[in-house]
Amino acid sequence: MSFLIGENMTGGYGATNILNDCNISVEKGEIAVIVGPNGAGKSTAMKAIFGMLNLREGRVLFNDEDITALNPQDRVRKGMGFVPQTHNVFPTMTVEENLEMGAFIREDDFRHTMEQVYDLFPILKQKRRQPAGELSGGQRQQVAVGRALMTQPQVLMLDEPTAGVSPIVMDELFDRIIDVAHTGIAILMVEQNAKQALNIADKGYVLVQGTNAYTDTGEALLANPEVRRTFLGG
Amino acid sequence: MENILNAFVLLANFIIIPGAAYGSQLALGALGVTLIYAILRFSNFAHGETMAFGTMVTILFTWWLQGLGVSLGPLPTALLALPLGIAVTIGLILICDRWVYRYHRGQRAKPVIFLIASLGLMFIYNGLVRIIIGPGEQRFEDGQRFIITVREFREWSGLTEGLMLRSSQALTIVVTLIAVAALFWFLERTRTGKSMRAYSDNEDLALLSGIKPERVVLIAWVLAATLATLAGVLYGLDKGFSPINYFHLLLPIFAAAIVGGLGSPLGAVAGGFIVAFSEVLLTYAYRRFLSYLLPEPWMPEGLVQFLSTNYKFAISFVILVLVLLIRPTGIFRGKTI
Amino acid sequence: MNAATSKKQTLLLFTLMGLAFVVVGFVQSWSLSLTIFNYCLIAAIMALGLNIQWGYAGLFNVGLMGFAALGGMAVVLVAMPPVEEAWSAGGFSMLTALLFVLATVIAAIVVYNRLPKGRTRNLAIAAILIIGYFLSRAWYEPAARAIESVNPAHTGYLGGLGLPVALSWIVGAILAGCAAWLIGKITLGLRSDYLAIATLGIAEIILAIIKYEEWLTRGVKNVNGIPRPVPFEIDLQQTEWVRDLAVRLGSTAPEVAALTVKVAYAGILLSILIVLMWFAQTALNSPWGRMMRAIRDNETAASAMGKFVKGRHLQVFVLGSAIVGLAGALLVTMDGQFTPGSYIPLRFTFLIWVMVIVGGSGNNYGAILGGVLIWFFWVEAEPIGLWLANTLTSGLAADNVLRTQLVEGAAHMRLVVMGLVLLLTLRFRPKGLLPEVSARRH
């Protein structure tokens, strides 16, 4: 059984269904990437797994437990981490304060976790007394990921982490994400930059109109001529 | 040399000390307004009358204590009554939030609706204060009135000009320093304080982080009520209590908060002093001051007063409009328009 | 709410309101009922002006008293006879001072627009303002002193132009409208709560000028004996038909005279209200009105239209303020005196807001109903409150602390009651008694 499973998910924000019988799953230490054309329901699928919208059909399983009824805050308590696409830091607060807020629901001493985050993202340690809003785009994203890691989640979900970021910074971010996966955390990522994302993916989900179109390893998808033709520009 | 000293004493007596005291009072008031704006995102027009209410309760408790023969020596008995006044005001504010604002929050109403509601509350508080304590002026200070009297100073220094420091002025400045320090310590160094700054910064992310909104709102109101009562009592000890006074303070307080940057506590404090000193500097008659510095033939005619004291609040208003037009986010960049 | 039910509701509520006046007439006195009625009409006109700003465009104007005071001041400046001596003493010096102020402001604006941003421009504007300030002051101070020393007990000011009082109403509206144009140009880009604070501040400044510039308005010494559009009661008492009517009604000549004057005022006010209402309704239902409301309801689209919206808002702001100014002028005429000290900014502004919100924002009939209803209760609250206080404590001795507190407090109770009314309306009936009628057909 996979660690995190979104099973037969059907639902949307209003009356219409954006997702139609969508299936996503991730293992611990694995990087799963969701790609697809615009409006395919990538972000929606992830938000459904996180509990930000109600599913009409289907369920979400976390470590064999059915968490479909839980709200996002409770899912964070269970061990899920979520990095939104935008507005994902506290801009007037320092980097260190952002991390502190990430650990808000913890009642134990989280300094060890903070050190781990600083080890993963050395630039954050360097700039830890600077307000997060003053950092560059790539550095801000690192703060956002670091913040989500402070609860020591078992699953980390990222919504288009490289949106609006330069290619060099994107590579660096992906390197970091691989480092995070190596610590044993399951990574689920929605990405617009399909090629680069599938490159680092253990598993890839291509969604079209809310349904699974192709599911395979990242490598296989990149080699798949259909996939290449329709989404990767040959 | 003596002329320069005299001129300086004049400045201290009529500008520096009153400006610092008034600035402290405005700073405390502006802090309350700015906190509510940062957390609840609306301009609370009822803040002035909250100050009046808090002061009124403190006065009633003060009279009761005075009646029992309790006194605090050189310090005003009102200080003993202050915690009681604060407690009752907090109670009132929380009830009003529960019955009035909470509904509109649930409706995701526009900020204008909260403003109108705060206008309604303003009138209810105003009416209550007038009914309970009457519309006239009330005095409630006791204890030692002066720390330095004019005569004492003249005897000590040998100068013509005398310096006066009222205990209410010194008290205002000291209490404000303590309160501001405490507030900043709370916001910058405690987990709860940081969670409030986080909530003000990015509400959605704060909720995601597990920060409980109702708790943040509660603490914001508690702080606002405390600051309002403090500001009101200090102002009342210094300048006398009368229900109409606190309504007139609303405009300078908002000017101070906006000048500093609505939503920025540091801005509220800075704004308070800027507005206070502007008012004092522009309405002071400099004739006597200049007479110590300029030779006789150079003395200008008239009082050398820029604006009549009648237009005092016009100054806060002009500052306000200038800030809103030139730099709406204020000095310390509060929440943007 | 569709048009048919709203018409029925409107009719019903207005009839009920009319009944209230009849009750007052019987229980207290007809004179009182008519007096309240007249003031209610003026309140209704003010509410109408505010409704045009809030209901059509969503503008949160808290500076109403400033415009009303300008209207009142216009009556003084237009209808009162000029004080010749004051004019010769300081009139022309004062005009020179005002010209300097105007020149300074214009020069500053021209420099602001012509020169590029930077140090030179800032220095130039600062220099203009400083020089202008001292020049104007040099002429202003002696002029003000001279004017105010001319017979201070009776005049001490420049007086007016001695023109018919009805003209002053129009001038009042225009004056308020011009002030609104200036103020609107500066402040209308601001968001609603900042606009509220800004308009409040401006009203305070206008009121301060009116209160303290005694050479202009006599300030707190007030101006009495304002000319009226209707005959004086004393003159009426002497006429034949009044005496005959008095005999027939079993009343006295003075009383009939008083009633006649009040009815005359009511007639004038009603006519003005009807004309205004006609204009307002036509505007509301015109394409212009629909566009205004569309802008109001869709802020994002509105912000994309930028300057265009600002222009429309300015129109609405000027119109609404002009109407408030007119009401202010009518008020002063009916009072027969101009009392700058009575324009307590937040209290009456607040009342008019309650009128609009309770009556129905966006609906002109609602504004009028709200105006009449709220003013009626504001005035009647004291007698009703006193009656209640006395009845409830009738068992207690006359000097019982609770009783005296309640009786004294009755006057202030109305503040609490009005606040409660506003809060309850906001919560339970946010659209008001007569909600806005949707332009779309069902």
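Observations on the model:
Going in written order, the chains are labelled A, B and C, and every chain counts its residues from 1.
Note that in this section contacts are C-beta pairs under 8 Å (C-beta built on N, C-alpha and C of every residue); 3 or more make two chains touch, one makes a residue touch a chain.
Remember, it's a predicted structure, so these values are computed and weren't measured experimentally.
The fewest steps needed to get from chain A to chain C, moving only between touching chains, is 2.
For the pairs B-C and A-B, the count of C-beta pairs in contact is higher at B-C.
The chain closest to the protein's centre is B, with centres computed as averages of CA atoms. One simple way to say how far apart two chains are is to compare their mean CA positions; for chain A and chain C this gives 59 Å.
Here the spacing of chain B and chain C, counted between their Cα centres, is 31 Å. Remark: chain A and chain B have CA centroids separated by 47 Å (rounded to whole angstrom).
Chain C contributes residues 58, 60, 141, 186-187, 190-194, 196-198, 200-202, 204-205, 208, 211-212, 346, 350, 353, 357, 405, 408-409, 412-420, 422-423, 426-427, 430 to its touches with chain B in the complex. Here chain B touches chain A in the complex through residues 191, 194-195, 197-198, 201-202, 204-211, going by the rule given at the top. Residues 72-73, 76-77, 82, 84, 87-93, 97, 100-102, 104-105, 147 of chain A are the ones that touch chain B when the two sit in their complex.
Residues 42-43, 45, 100, 103-104, 110-113, 115-117, 119-124, 126-128, 130-131, 134-135, 247, 251, 254-255, 258, 302, 308, 310-311, 313-314, 316-317, 320-321, 324-325, 328, 337 of chain B are the ones touching chain C in the complex.
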